[in-house]
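Some structures to go through are shown next.
Shared between the two complexes below is chain A, which has chain B as its partner in the first and chain C in the second.
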Partner chain A sequence: MQNSAKSEKSRGVVIFATNTAETDYVSIAEQNARLIEHFLKLPTTIVSAKDTGSNQRFSTDTGRFVEWKNFGRHEAYEASPYDETIVLDADYLVFDNSLLGLFECSFDYLLFDKNRYVNIDQQASTMGPHSLPYIWATAFLFRKTERSRLFFELVAKIKRNYDYYRLLYNVQEGNFRNDYAFAIAHYILNGNSLATESFAPFHILTVTGAVESITASKNLVLRTPHKGHVLPLANLHIMSKSWLTSPALLLLVDQCLENSTATLVS
Partner chain B sequence: MSRKFYGDTGFLTLAINTADVDYLRLAYLQALNIQATQQIKNCAVIVDQATYQQVTDQHRQVFDHIIPTNSVEGQGPFATEWHTWWLSPWRETIKVESDLLFTRDISHWITAFRLHDVCLSHGCRNYKQELSTSRKYRHVFDANRLPDVYNGLMYWRYSEASKKFFDLARQVFENWNDVKQQLKNCEDEYATTDMVYALVSSIMDTACYNPGMDFINFVHMKSGIQGWSDDQTWQEYCVHERNADMIRINNINQIHPVHYYDKSYATDELIAEYEQRVIQEV
Partner chain C sequence: MSDLPKIVEQVRLATDFNVNRQILREKIQTDLHMTHNGGMFRINPELIAFVQGWPIDTLYMEDVYQNPIEIDRQVFLVTAQQHYHRVMNEWHQQHAELRKIRKV
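Coming up: the complex of A and B.
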């Protein structure tokens, strides 16, 4: 007799985090995993990529370049134990369940092409002044399909041959960036078109530069050295690694979890 | 109203050579491109008497009709545009600017064209295939609340309404000095075809464009449309390549017709490649 019951697809979150001399990314990911469990009710797997490379990023905390091991995002397909995966940077903190809603969309992979800065003027999201828009590899979703596998293989190929693709796509920056490799792979895979149907319907929210404090209630209240911001309780990409690795993150996560518990009780 | 036609539907372009640009050469490349890409292969070109002297057997092999007309003196480079209605050999005409190439067949657009007696392109696209939001070259249009139409690719069928359109266009061309006094911020010495057709569209009591159908338009490669400075042409800014008829700019396939604008795009190599592919079939 044939079993007509649908098999349950596994779903979870993969966070890429590789520690450097300056930054304990894994500890950030662990706190994010608590938020994910709370808001998304999903399991989290923290992955330290094999092909991390060694790069440098400009630290908006210190104003100098620091070590950065962030090359291996193309390993997501193999590294994820789930059929349906949300991949996040450790510093993209989850404060709502909007990512879950994206699984209602039909996609092999779903990318974020839009970002909105909370505290600075919006920046052009192109790979160079005369180049194409890039993707925010900070967060993306994929299902384990053949097309997704091809996508990640292509990202890996672009990484291996980055000097060539950098010239071909008029990329200004010398640094390899997952954002660029994702964009290039996406355009190639979609027959040299922007294929905007593979983009998420909302944007990533980012706070850049130094953070003094973040508290959570019905809203997120963010204080930077010069301004205060009241944000919705929504996912937030926080660039300040010094704040993320401070005890303040643990307090914020505790606060979020307690607030929600209190709301449930009341 | 009756006239002899040589075909039902066909392409038509104008080629009036100037000291700087050999428009007949561009029209020739376009005719080859039309043979290679379009189901509708009828091709005609209108030339002035001076350009007519440049016509060769090679041109005659590719164009179905080469139609000489007299140039209009003293009214600027576009003053012969209204002649096209009277000179077109086709009952239904798709008029294109000579520096425009097709990358795929557009015969399926005919159904949409036929919703109007005259159908102009509305808006234009950047190389990313997005509808352009740049208003850099359209300040006068905006100041005068004129429709955002382009004559670079347009259609008309032989009818009373299309005759009226071109009669009005003729009047605007011929009375430009008076007309421009009525326009805000308009300092154009000579009438441009886009401006004239936009004015006529706003006067006509029937619609001459279809903004609801956003596919009747083309990729406009003026640098400002891409958000780039006009100091350089798009060919200097970005990578481009060809794959048969497909034009790839900055690695994006150009699905819509490409108004390449920078005349140096029409290289001898490109023409020779098309000749090799097309002329034997013709």
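Coming up: the complex of A and C.
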């Protein structure tokens, strides 16, 4: 007898994390996975990309350049065991379920083109004065479709030939960034248009620079060396790797899970 | 002895109500999004009033992705009203709490 029931699509989160000499990204991803399980009720797969490359990023914690292995985001399509996937950087911590609602929409892949800094003035939203608008590869969603496969293949091609594409699209910064490759691939795949229907309707919230403490209750209370901030309980991109790899992250996650449990009980 | 270190410490712990308020508002704008029949809508009073006043039970509305979505008027209206009420209530509560906080 033929089973005509529609099979349910698998859904989960993939976190890219590749350790470097300075930073234990996997430990950050493991804590984020606990938040994801709690807020999104989804399984998480932590991926250390094969094609990580070796680059340098400017550390806002130490004020110097440190090793950075973050090239392999184009492997997401092959690396994801799910039909529908949310891909996150390890440092994009999940504190709400807003990403889940996006799966109700029709898309092959969905990108974030908007970012909001908590603690500094807002930055330029293009990759150079005469370049494409910025896209954040910090978080994105995709379904395993032919169009998504093409998108990731194109990202890989741009990565392999980055010097050429950088000049072609007037990218100001010399460093390869997944963000840039995503923006260029998206533009090409949509016939040299921005195709805003592939953008999430809201933004990423980012804390840059050093962090002294973050505590969670109904809000997230953030202290930097210069200022305090009281933020709603919302997904937060935290740039400070020294804070993320300190025991403070474990405490924050524990605090978050305990608070939510206490709220449910009461 | 100078009070300067004390003043610096107070400034460091101070929190800017207007920045916090703006970030909270943006989070609420995110939360006001609601999906219906494969479309994504940002619920606001105009949308609720429009759906409420529409005389036919099935209509088509443009979602945030500029797609026409078939709407079951009754179902959409009830869901949107509940969603709007819940999120705005949350906003009101959090906003009131923020007003009280001047330092962290």
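Here is the rule we use: the second predicted complex is superposed on the first by the 264 of 266 C-alpha atoms of A that agree within 3 Å, B and C clash if a C-alpha of one lies under 4 Å from a C-alpha of the other, contacts with A are read in each partner's own complex, and residues count from 1 in each chain.
Following the convention adopted for this analysis, a contact is a pair of C-beta atoms (placed from the backbone, for glycine too) under 8 Å apart; a residue touches a chain by one contact, two chains touch by 3 or more.
These numbers were taken from a predicted model, which means no experiment stands behind them.
With the C-alpha superposition on chain A as described, chain C and chain B fit side by side in the combined arrangement.
The vertex angle at chain A, taken between the C-alpha centres of chain B and chain C once both structures are aligned on chain A, is 70 degrees to the nearest 10.
When the shared chain is aligned, chain B comes close enough to touch A:Asn170, but chain C does not. In the superposition on chain A, contact of A:Ala210 is made with neither chain B nor chain C. When the shared chain is aligned, chain B comes close enough to touch A:Tyr187, but chain C does not.
Contact with neither chain B nor chain C is seen for A:Leu150 once the two complexes are overlaid on the shared chain. Of the two partner chains placed by superposition, A:Val26 touches none, neither chain B nor chain C. Using the contact criterion defined above for the overlaid structures, shared-chain residue A:Leu257 touches neither chain B nor chain C, since it reaches no partner.
Touch criterion met: A:Lys227 reaches chain C, while chain B stays clear of it.
With both complexes superposed, C is the one of chain B and chain C in contact with more chain A residues.
Of the two partner chains, chain C is the only one touched by A:Asn219; chain B is not.
Taking every C-alpha atom of chain B against every C-alpha atom of chain C, the smallest gap after superposition is 14 Å. Judged by the document's definition of touching, no chain A residue lies at the interface with chain B and also at the interface with chain C.
Residues 12-16, 19-20, 23-24, 26-31, 33-35, 38-40, 42, 64-67, 94, 97-98, 101, 103-104 of chain C are the ones touching chain A in the complex. Per the touch definition, chain A reaches chain B in the complex via residues 129-132, 168-170, 184, 187-188, 191-194.
The touching residues of chain A, when paired with chain C in their complex, are 98, 101-102, 104-106, 116, 118, 197, 201-203, 205, 218-219, 221-223, 225-232, 234. Chain B meets chain A in the complex at residues 128-130, 226, 228, 237-239, 248, 250-253, 255.
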